[in-house]
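Below is the structure I would like to discuss, written out as structure tokens.
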């Protein structure tokens, strides 16, 4: 199966024609349905109809009220620590290969990643000490 | 490499020291002591074993500029006493971020691979965005940080796009690899030249040269005084050192393809910087525009790099940094971050503080380029380097605009010596940093060989 | 089919043109739009145009250093956005707006 795909030649523009046809059909269906419901359905507007929740508890307040900066901090910290994983990816891909070279290379591999993780950990300890993750 | 690690570790120490109340009071002392030790280490061990020479090559050029940056930063830490008192809890963070800026600067002057240039620029810039907004209670500080961030990130985009094009043409990020490629390829592809111009635009943004200078006055004006002095001295010197290192290392052989673009930028920088400075009434904005004008003179050294102008660049950088830092030290001693400080408020300084007035005069004369001071020899050296390479017209323009410059520097000196509006008490003390800066301006003006023999 | 040959199925010029288009959209968005969040998104678009170009060149040159550079760009972009959003939150607290036109306290 894999060999068959590998010999596949470069696609010509007319190979994409079915996709374009499908795209047109899909768009026409979506547009048509929206238009059809617009004309078919009855229109009743009242305060109860325009509520976010027609039944259930009453809403109070504005959705755009300011909320605690803690949420923002946690989100930003998540993004930062999450992105650090990127550097482990090439390391993990080459891990087995480096290990098979010998003890020396494997040890080097280990030390380098330990230094990197140590730096990230220092940042994490700083965040905790600063009290960013305390919620009370 | 060792120096970079030591500076970063010092930064981390400062971050953690800021957490405890008792240690926080001594953070600045620890940092100043540490920086002095690291400076000594840089001077004596620059020839030591290198760890990743294909990434960071700590050669003599890098060692000399690292020393300059470390000395300037040490002086700024000395100056920063009481500057962060408005935010006692975060004092350690500000010091730590300033040290990370220095770490980025060291990467920028010692890179031998475009990856490290990019990382250095970003380490430096991202830290500076934060520092520019460090007066969280003042809108103008937040505004300066925001403008700096938007335009800095914009410039980074151009720089990266240029690097991508260079990589597409040469297949390598290493400076020596690019240089080899340029040397061995008779017909360079168009995307290579596109890349060079895009990188140049990105770097001109960072050194605040016209027509990409418009962020500088706003950011200088809005940032806290101590951060502005940092940006105007250490950061500017670093940006020029990196600019020179990249262009002399990689693109020197295609010099005739990019020098016209650079000449236009220099001409605009000299004209806009000097003539807009004439109209300024605020001292900080005047210094910002004088920084833009000085960028024009330093770019002359980059223009003349075919015949090794690194000596001229180094001498000019030191003389400019000393004069600029001295002027900011005076500004810090007489004003705070909240209000704009007008030049006319300097009136009566010769009465109230004669010693500081004399030192300030020396500094201003050095900036204006009056002969016995260092500023004159700096201008002389970059101009003679440019003339030797045959760039006559732009050198003539530089001489003419520096005459304009003398006018506004003398306006400041005149304000210092004019009569005060109200009666003032006499005190005869000057900040140690003002003293050191005026001393450097005089000494290296009298003995230029002290600097020139370093290379 | 491995990923390098998949990338090489499209001619290199198309990648260059696409990333120049993306980059230009980013630049125009940055220069024309007045909302700070949209300016941030434009900057991200510029950086991603660079990433695309780097990966394409890297695949065509058969050299992995371009992809490593892309990793660095991604991490730095994340750090930059973290700082940028924090600055924006500070501006919003001080001025009550994220419209760039309202930031005119500093003028020459």
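Chains: A, B and C, in written order; residue numbering restarts at 1 for each.
Throughout what follows, a residue touches a chain if its C-beta (ideal position, glycine included) is under 8 Å from a C-beta of that chain, and two chains touch if they have at least 3 such contacts.
All values derive from a computational prediction rather than experimental measurement.
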| item | value |
| --- | --- |
| Chain occupying the middle, per Cα centroid | B |
| Pair sharing more residue contacts (C-beta pairs) when B-C is set against A-B | B-C |
| Euclidean distance of C-alpha centroids - subunit A vs subunit C, Å | 17 |
| Rounded Å distance between subunit B and subunit C, as computed from the means of their C-alpha atoms | 27 |
| Gap in Å, rounded to a whole number, between the CA centres of subunit B and subunit A | 40 |
| Two or more partner chains touched - positions in subunit B | none |
| Two or more partner chains touched - positions in subunit C | 68, 79, 86 |
| In the complex with subunit A, residue positions of subunit C that touch it | 1, 5, 9, 68, 71, 74-75, 78-79, 81-82, 85-86, 89 |
| For the subunit A and subunit B complex, residues of the former touching the latter | 122, 126, 129-130 |
| Touching residues on subunit B, where the partner in the complex is subunit C | 114-115, 118-119, 122, 126, 129-130, 133, 136-140, 142-147, 149-150, 153-154, 156-157, 160-161, 163-165, 167-168, 171-173, 191, 217-218, 221-222, 276, 285 |
| Partner subunit B, residues of subunit C touching it in the complex | 16, 19, 23, 26-27, 30, 36, 39, 43, 46-47, 49-50, 53-54, 57-58, 61, 63, 65-66, 68-69, 72-73, 76, 79-80, 83-84, 86-88, 90-91, 94-95, 100, 103, 105-108 |
| Subunit A-facing residues of subunit B, complex | 12, 15-16, 19 |
